[in-house]
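Shared between the two complexes below is chain A, which pairs with chain B and chain C, respectively.
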Partner chain A sequence: MHGVKRIRYSREALEAKQQRDKAKLQEYLALTEEIISRKKNGDYSHEAFDLTTRMLRVNPEFYTVWNYRKTILVKEFFLKSTPHQINDVLSGDLDMTTAFLKQHPKIYAIWNHRRWCLEQVPEGPTEADPNGWKMANWKKELYVVEKMLDVDARNFHAWNYRRYVLASMPVHRSEQSELDYTTRKIEANFSNFSAWHQRSKVLTTLWETGKANPAQNREEELELVRNAMYTDPFDQSVWIYHRWLIGEGSDATILQAEISSIQELLDEQPDSKWCMESLVHYKQLLLRNHSAIIGAEDRQVVKTSCLDLLLQLQHVDSERKNRYGDLAVRIRDMDI
Partner chain B sequence: MGAEPKLNIPLHVKYIQSLGENKDDLTYHLTAHLRMNAVYWGLTALYIMKNKDALDREEMIEYVMSCWDEQAGGFGAHPDHDAHIHATLSAIQILVMQDALDRVDVDRVTKFILSLQQPSGVFAGDAFGEIDTRFLYIAVQALSLLGRLHELDVEKTVGYIQRCRNFDGGFGAIIGAESHAAQVFVCTAALAILDRLDVIDQETLAWWLSERQLPNGGLNGRPEKLEDVCYSFWVLSALSILKKLNWIDADKLIKFILSAEDLEHGGIADRPGDQPDVFHTQFGVAGLSLLGYPGLEDIDPVYCLPAKITEAKGLRKDWEALPRRV
Partner chain C sequence: MDVDVVVLGTSLSESITAAALSKAGYKVAHIDTNPYYGGDDASLSLDELVSWADERKADNDASSYLTAQRKRFSGISYFGTLPPQSRQYAVSLQPTIIPSIGPLIDSLVASGVSRYGGFKLLERVAIYDSPGIVKPVPGSKEDVFKNKKLSLLHKRRLMRFLMFAGGDFENKPELQESESVPFAQFLEQKFSLDAEAIQVIVYALAFCISATDRTLPALQRIRRYLRSTGRYGPSSFLVGHYGGLGEIAQGFCRTSAVGGAIYILRRPILSIASAPSETSSRKYTLQLEDLQEQLQGDVLVGASDYFQDDNTTQENVVGEATSCSLARCIAIIDRPINFSVSSSNEQPSETRDISVDEDGSGADSLEVASEVDTATLIFPPSSLEGGSSTVSVSVLITGEGSQSAPRGKWILYITMPLIDEQDTTETAEQLLRPYLNATLSLGSRSPEMSAALEPLFTLFYTQLTPRNYSTPGDAEPLSSIIHSGSYAAYLPEIADSASINAEKMFWRAVKALKALGKYPQRSQEGEEEKAGEVEVESMWPPLEYVEDNDDW
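Our next item is the complex of A and B:
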């Protein structure tokens, strides 16, 4: 149970509640028994289908009943119906699960049933337009999932489903429009790491397929990230994403520019843990990958500043003081 | 620990014992699809609290066997529920803890599990095809407990986990999914069982995991999310496999877990003041065990089973919990 407040009932209130629940309980147990017994008897009738609807409205987590519902469709209904009827019943299930999701946005079984329904949509409505029904359904999916993400922008069920829909739509949407979607989500809330994550995936695809220029994108991304950092230097989402942008720090110019930009922010926000932690990380990359371009004296300066920052971090961010201690030992022992 | 709050073991034992007596309660029946898991959570928590015999052994074994789905060759969550890989693992774990694995048709259940592997390497939960790295871990652990790991296509399995790895070092539920502490646990533990921790960017992952701790001591599952007691296990288990458990503040986390105890009825909740349940009770107690809390049995973070059990089966991997306090 997540986020359900503990309630203290008085003896009278508890008895009244149990009395109320008693009727519901009997109805629930009778319905369960009826469904299980029909299922055992291989009953794939319309009545059995309607009983699963009734049950799933009460308990959408009852996976055995979802399975039974699918079995009824596959073993009976699909065999005896026209494509039109099949499309109608699947659209009906999609509508039903949309309503369920509004109430239970995090139940795996509901999301899964949607996937299953979409994959069963037949060809039609006509031979000339075999993808018509599929297109209509898939198009609706993106709308549904955006509504879900408007309510809870971090719902990972919705994000996973979104990626599934984007990958499966009969007509693919451009990666650029998905990038724009993540921009909107990030601008609405910089701390939405789910959107930053999605952005890293979309950009990777754009680069791998040669649809975008990594160097140009990186510059724009660093600008976006800088805005977010200045807006809230204590929010970790943006710092984690920044780490992805820098990667192994193979570009010394970028690395050095970012180090001085973070240093500037630290001067303004002297207790920013993320500024200090990131500086240590990037300076370490500098020492590791570009020691040739900094003089021996400067190397010692960089090393000392890392050790100073780690000492401060042990106080500012004491939960992780052992990590900072371990890093300090490693940097001290660095052969530079 | 002086006047510090203490884990109220007798109360939690009573709470777990009482869970089977709520049959007049609607919620009890609404959660039947989790019953097998709940029995596993309850028994493991009792075992870690050194009260393994607080539930009747014979009754438990009979219950587990009554959930066998003869048609599919696996266990369901409750009698007459369909076989599912998650219920199947819980059943095997319970039988292992009760030293009654001889009740299982190992050939059939192995076949059931292996039949769920997809061409991509991931596992489905059942014949209806939902995929998740949770199910992959479940398959790996179940086969390991059954002594049938050699029947698994390890390369294919590891390959899927590898493709779930994100730049932050973590893993998600499927390829492309955001890193999540519970998925990090399943992927890390599966790799530990398969002796393939080389797949992990350990430095980055341990950093990401240590950043799950919030100023109130609790752990969250993803950046900028709320703390929850169950992450005490997901995050700590992965950190102990990476041998970096000291990268978080143990005292603060112990305090947070204990603040979520229900000291009236027993049990531990997700957060202070919330309704307790057996899931959070188990993962709270398991977290405390890894943190070296006094008076508890060691839990094996790879299998989420008592370490005595995995050691006796010769399955212990190389992990490090914090030393047991006295």
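Our next item is the complex of A and C:
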């Protein structure tokens, strides 16, 4: 286990601990048996509900118990309760799972239960304000997910959930503020696949809705990612984002500018695998899409340099030796 | 009163030693002539600070301890009037920043003393650039990434160096035959760094004192500081609450009292005699002022200022080789210091980032200048007109955040190592005035206002390293008088060198006691008291297991 402090036990303390552990285990097994049998008997009582609370506090990965809890709510509680009571019990479950997440930030069942709860929130508190409860809950939810990302900015459960919350909120947040959010996360630590991914999603939306200028954005993004590449050329997340920015490489000017920028980085850092691999990729795009604007002689130069890079890659990254070999064959056979 | 060990002085190293000896089961008496804990590391209220200065400035008759102190603390001068609420200030006589990984933090954890103290993360380290302006110190990947001033190429080179320095470099080819060359030369030759980056690394990452500092120790310091980031937060360094080391020393004293040690403060020592008295077989007899009962002990551990010259031989001093005399300034200010970086090089992180989030969480990324509460500023050699051309001068700023000053007040500590002969001909005030003024110039963003920022109170003095200082050899001498020596001169190394000294003193004391046939009276397991020869196995016995409160 990570991050668990090793404790020095004296002999008596160790024996006492073993006794306690044994008692705990027996209690757990008894609890499991009782819940399962109540479930089999269709027991949807308040008592059964409290037993699931007790169990989930100990083992939040027990899917059967989560589902039993939901069944109790749907088949019994919701039918007999006022919207106010339903909202209260769901708020209670949201509070409980918030506490669980602090301890177990990466358990799917907990995140899933929150989704379910949020989707069950009834209309209210009044007929005049039917979205009041929902709004309050969604707003709180965004706060919870930000707190989770403050603790671990690379928790992909939280990022995924963040997208779900943003999409579900009755009043949408601006894409620009979400872009700024990813900027902050990336500046704090750019080795973060999720943050770069979120950025690509947000930018796509901005472009599709005409809220931002793709050409200007792309230039700024390239500058940002270039700073990250030079800071740490060994970080894969940066290169993947760069590749997304370049895409199919339809703009020959950008493609050539990026190739020469990466070449400069490679000259400074001659063992950078990602530099070499990206150069091969972008030069291939250049050959495929823009062979007309580079002369026949230059085409051969580009081709040869790709083959050289692949040869070097076979040494630098020998675990993928055959992959580079295959790529070399494909480039050699390119019809240009 | 009859004990195994008498510890003289309550500075951090002596207090750690006393706590370890007491916890191991020895009978310990711990004495300090001063009316406060901490000795030369003490945290003092403003009133206490002034009487500390006055006592050392005066030339009336004094105890041998005070006479020795007067020789070591010289050129004392102070200005201004004391602000009210004197007790709300905790002024440190030993200002320092503590790396999150190292011997002191280890001792705090292993001894359980950590529960008595609190810390604040150091917010910033910056380098002085020009009047009113500082340069940020890119000490991490994130800093390098965000820095708008560094060129792409220099980002790469700086990062390559940081990766090297953070790793196991001892056998790397870059270091071959370069371990002893000046650090700056190494950085230029092996990492092709430019002068500006070199200055930052040498003085603000390795905290070197001068251009002659050698490569290997500088690299080892940087490695430890790099690895310290993230343990307690984004900064490598901690600043102790309530004045730092003095407060920590007191925590160790408390632990040692819990272990049964006897504490006697504010009693000057009248005599230390090596002849045993009639009533005791112990080696030494001490007579304290106004205390009828004599104090007998077999081993004496203490600050040099407590001993007469003739008791001292070079071998029994436990000190740090890099220590040196210091010119110091302590100033109380009532306006914050701003670490403004020149506006041309650090725009808000993204120009398009102007729209502040609905929830306002984006606001702080827009700040160019920022007020600091707990921060360090470094003046490299030749960075200041009228300043030193050979040594680096450090400024530590502590405020309300480190519980050392009331709201709206800050304490500045300026420290200049004196390695040049010529430096000692000038007073601390002459040496440090230019640095004080330059630091105060950061108090406001407009030059007109900076003229008005005057400290409420300023104290200057020169602190000489303890006399009889020597570099201890490899051989561990057997002596029943052990002197605690000086600390390292590097700002982040002071606390750790106190801890390292303490560990050496502890084992020397254990060895000296063993040679006299004295063993701890309590076994380490906490079992029944056992008479006989119990060997001391570790400096800190295992802490008692505390039940974790799991809730079901």
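Following the convention adopted for this analysis, the second predicted complex is superposed on the first by the 316 of 336 C-alpha atoms of A that agree within 3 Å, B and C clash if a C-alpha of one lies under 4 Å from a C-alpha of the other, contacts with A are read in each partner's own complex, and residues count from 1 in each chain.
Just so it is clear, a residue touches a chain if its C-beta (ideal position, glycine included) is under 8 Å from a C-beta of that chain, and two chains touch if they have at least 3 such contacts.
These numbers were taken from a predicted model, which means no experiment stands behind them.
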Looking at the overlay on chain A, is there a clash between chain B and chain C, or do the two fit?
fit
Just checking: does A:64 make contact with chain B only, chain C only, both, or neither of them? Give me first, second, both or neither.
first
Could you tell me if A:54 is touching chain B, chain C, both of them or neither one (first, second, both, neither)?
second
See if chain A has more residues touched by chain B or by chain C, and give me that chain.
B
Please compute the chain B to chain A to chain C angle from C-alpha centroids in the superposed arrangement, rounded to the nearest 10 degrees.
120
Give one of first, second, both or neither to describe whether A:230 is in contact with chain B, with chain C, with both, or with none.
second
Is A:40 in contact with chain B, with chain C, with both, or with neither (first, second, both, neither)?
first
Quick one: is A:131 in contact with chain B, with chain C, with both, or with neither? Answer first, second, both or neither.
neither
After lining up the shared chain so the two structures overlap, which partner does A:323 touch, if you call chain B first and chain C second: first, second, both or neither?
first
Smallest separation in angstrom, by C-alpha atoms, between chain B and chain C in the superposition
14
Chain B/chain C common contact set on chain A
7, 24, 58
Enumerate the contact residues on chain C facing chain A in the complex.
141-142, 144-146, 152-153, 155-157, 159-160, 349-350, 352-353, 355, 357-358, 361-362, 365, 525-526, 542-543, 545, 551-552
Where on chain B is chain A touching in the complex?
24-26, 29-30, 32-34, 76-77, 80-82, 84, 126, 128-130, 166-168, 172-174, 176-180, 206-208, 210-211, 213, 215, 217, 222-225, 228, 244, 246-249, 252, 262, 269-271, 273-277, 279-280
Applying the document's contact rule, which stretches of chain A touch chain C when the two form their complex?
7-10, 13, 24, 27, 54, 57-58, 146, 173-174, 176-177, 180-181, 183-184, 187-190, 220, 226-228, 230-233, 264-265, 268-269
Could you list, by residue number, the parts of chain A that touch chain B in their complex?
1-7, 18, 21-22, 24-25, 28-29, 32, 36, 39-40, 58-59, 61-64, 66-67, 70, 108, 112, 116, 154, 156, 159-160, 163, 191-194, 197-198, 200-201, 235-237, 240, 243-244, 247, 318-323, 326
